[in-house]
Amino acid sequence: MEKVLQVNDLHVSFSTYGGEVKAVRGVSFDLHKGETLAIVGESGCGKSVTSQSIMRLIPEPPGKISGGEIIFKNIDLIKLKEPELQKIRGANISMIFQDPMTALNPTITIGEQIMEGIIQHEKLSRAQAKRVAVEMLTLVGIPNPELRLKQYPHQFSGGMRQRIVIAMALVCRPDVLIADEPTTALDVTIQAQILELFRDIQKKTGVSIILITHDLGVVAQVADRIAVMYAGRIVELGTRREIFYQPQHPYTKGLLQSVPRLDAEKAELVPIPGTPPDLFSPPVGCAFAARCPYAMEVCERVYPIETHISQQHQVDCWLQDERAKKLVSSFK
Amino acid sequence: MKAYFFKRIIAMIITLWLIITGTFFLMHSVPGSPFNEERTTNEAIQKNLESYYQLDKPLIVQYGNYLKALVKLDLGPSIKKSSQTVNDMLGRGFPVSFELGMYTLIVALISGLILGVVAALRHNGIIDYLAMSIAVLGISIPNFVMATVLIQQLAVNLPIFPVATWSSPKHMVLPILALATGPMAIIARLTRTSMLEVLTQDYIKTAKAKGLSPVKIVFKHALRNALLPVVTVLGSLAASILTGTFVIEKIFAIPGMGKYFVDSINNRDYPVIMGTTVFYSAILIFMLLLVDIAYGVLDPRIKLHKKEAK
Amino acid sequence: MELRKQEAQNISPDVPNEWFVPKVRNKEEAEAVVRPSLSYWQDSWHRLLKNKLAMAGLIFLILLALLAIFGPIFSTHSVETQKLAEQNLPPSSKYWFGTDDLGRDVFIRTCYGARISLFVGLMAALIDFIIGVVYGGLSGYKGGRTDNLMMRIIEILYGLPYLLVVILVMVVIGPGLTTIILALSITGWVGMARIVRGQVLQIKNYEFVLASKTFGTKTARIIRKNLLPNTMGPIIVQMTLTIPSAIFAEAFLSFIGLGIQAPHASWGVMANDGLSTILSGYWWRLFFPTMFISLTMFAFNVLGDGLQDALDPKLRR
């Protein structure tokens, strides 16, 4: 499978008044052509920071990419300078932010906001750009696109705005689309429509999508593969089937239990007790140990090595160690 | 749109009427006759004068007459300079004051915006600190102090500019500078805060994610939104510039309305005080309307005809 | 089956076997994340201490207050003593700031000017605070129509040219210190009332939320511990920023001859006197009063800015 994007051992930190926040601590993953990779985890675990690092949109200072590489088309994006990055942003890699209510500039018409990207990157005339914009609005399912181009964001509903944001991101036919919690701010029925739109668009354009969410329920419909993040690290990565039916990491299992399931009669939601560690001084061992019902002495002392369960499925957990298997019965 | 303007104009008239009424009764609550103090006038002349200015009539009648005259835009005669009417004085003085005020506003606006934007873009850099130090100084130095300093340095010590009057562009430099520093500082600080706020907004991140250049992001996406709070204070800034012209005109001996006004205060020339207050209030209320319209133009979310709901 | 095999070999050699035991959790460990937490005020105070400019302003103001109170006591000259033989003397060891055209000591007059400026500023802030709290508090507390009407009145007052109103009142009542303060209070409280109203609405909201969650006795504590400090912040900042504008208004009025009257010393009066002699080269007569006006306003402004940063860390830039 062709890899469009490779992230290797990414480290990102922020210097704040309270000290250094190690927001991302060694994240690695590949993104394949035409797939949807979901990154899932509780809020604050570093999903947004990871995705913004790929676009190099981390505010520096206070942020700093302190290590790793991000390979896109054989180029390490971390080494690029600002003008080169500007050529890639929006043209090759696009991004959608969480809240469609604030992601659009309230004082500029949506037509202008859609067109400016393509005018910037492809040197089209305004008339040509307008044609592309109309095409895009049609693609994302906005009726009367010609008329709508002249309107301002406040004249659209939340779901409509998110469609516009998606149109804006796709206007230059990027290879990678990063969507950071694109449905979190929307209500449930609109959520489903937007997710449907993602699938539809992927089919039509072949774009690779990184879908970020804290809600495994969202992922179940659209993700090909799922990466589970906790405290700045990816703790488990696998295909959707593997994550949903053979979850290995106790954190993944915990997340799954806190999602309403369609197949279960009684929707019994069990939130994971406790809160994530603070990232000023993250634990040396597994960061989840403090909340983990299966925690062992080793978990606190050493970070677990990566175990490959299958070709696609990998997990960072000491329970995979042969010596832990005997213990499992003694828990609970 | 039409309905909005209609409502606005009604509200403006009511506010103006309240100001007129307040000023009128305030002025007439001063004990004694304005002619009492002058020893040269005897009893009979005083009576004559009072009946000429209708001061012998009941207050409510005087008030009615004053309003009637006002509707015809007649602000009445001056008490102390009997040959002149308040309209004459305004006609002569106001154009000069207006010129001074307008130039000041323009200078303050342009320099304040530039200073504020540059400070925000170089946030926490040397330029930021420098610009903001200038701004705090500008706010702290009263305009009449600024005027005296400018005269002393740039007119007396180094005779680059003339000391006083308003006869050529060269004469206008110092008064405008003196009056513009304060408003400029206020605009600069406000612009900076608002610009910093706007730069953290999601739509700026979106614009960056589109690959737009920093210049485009600032001028196309940030500036217009950052201007909105600045526009809202323009009304009160105009008011402070207007009152500021009084003292600046006095210092630089500029033949504007300020001179007539300060004179009228010292002479207790009530019709002039009243007329000037009413006239300036009307101008200010009109400015506030202009500000609202400007706001509506800058921010498409504000639909002028819907605003009455607020 | 292959998978099983892979798993069977899954043993990390550099980790000893004895670490593979269930973790023992003691309760305290799970619960206690006790950090020394500074109170809101201590926290703010520390932040203010770190702001050098604001501290410089504060120190200047303390010195100015001391000068205003004790300056004249320790001097052998007095405010109104006129020594016609010692007119317009430049600064010297005898007359630190020189003398004016009536042979009065400019230093002592500056000290008296400080008294008047500080008094006017503090009184204006105090009166604004009282009226603002009563009016804004009532408006926010009552809500509904009362609130609506009261806010309308404020809107009208807000549209008035403030100095013009002050001038009108001065004309009617006649110049003097008390009338200056009175005139300043007529429109000055409007900003404070708005802020107080906003804060009261916030508290009301909070109380409502808490009450609906039946927090009971904790409500009072939360209001005292969290809410009151947060609402006091903007009020304190507003007061700090009222003072320089009141000082400016007094100086302005005195300068155009509507404020403090001639024999008394106010910075505005002194500046006006000094201006008329500007061409004669008696620079000290203009320099000292204007410098003190500017420095005092500067000090209050930077202190106000500093307080704003210190009290509201969210707005910290």
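For reference, chains read A, B and C in written order, and residue numbers begin at 1 within each chain.
Note that in this section a contact is a pair of C-beta atoms (placed from the backbone, for glycine too) under 8 Å apart; a residue touches a chain by one contact, two chains touch by 3 or more.
Only a predicted model underlies this, so the values are computations on that prediction, with no experimental measurement involved.
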Chain pair with more C-beta contacts, A-B versus A-C: A-B
Geometric centre: closest chain by C-alpha means: C
Rounded Å distance between subunit B and subunit C, as computed from the means of their C-alpha atoms: 25
Distance from subunit C to subunit A - Cα centre to Cα centre, in angstrom: 46
Cα-centroid distance, subunit A relative to subunit B, in whole angstrom: 53
Subunit B partner contacts - residues on subunit C that touch it in the complex: 156, 158-164, 167-172, 244, 248, 251-252, 255-258, 271, 274-275, 278-279, 283, 286, 290, 293-295, 297-298, 301-302, 305, 317
Complex contact set, residues of subunit C against subunit A: 3, 6-12, 15, 17-23, 25, 30
Subunit B to subunit A touching residues, read off their complex: 201-203, 205-213, 216, 220-221, 224-225, 298-301
Contact footprint of subunit C on subunit A as seen in their complex: 289-290, 294-302, 305, 307-310, 318, 320-324, 327, 330-331
Contact set on subunit A toward subunit B in their complex: 55, 57, 85-91, 94-95, 97-99, 102-108, 116-117, 120-121, 152, 154, 165, 168-169
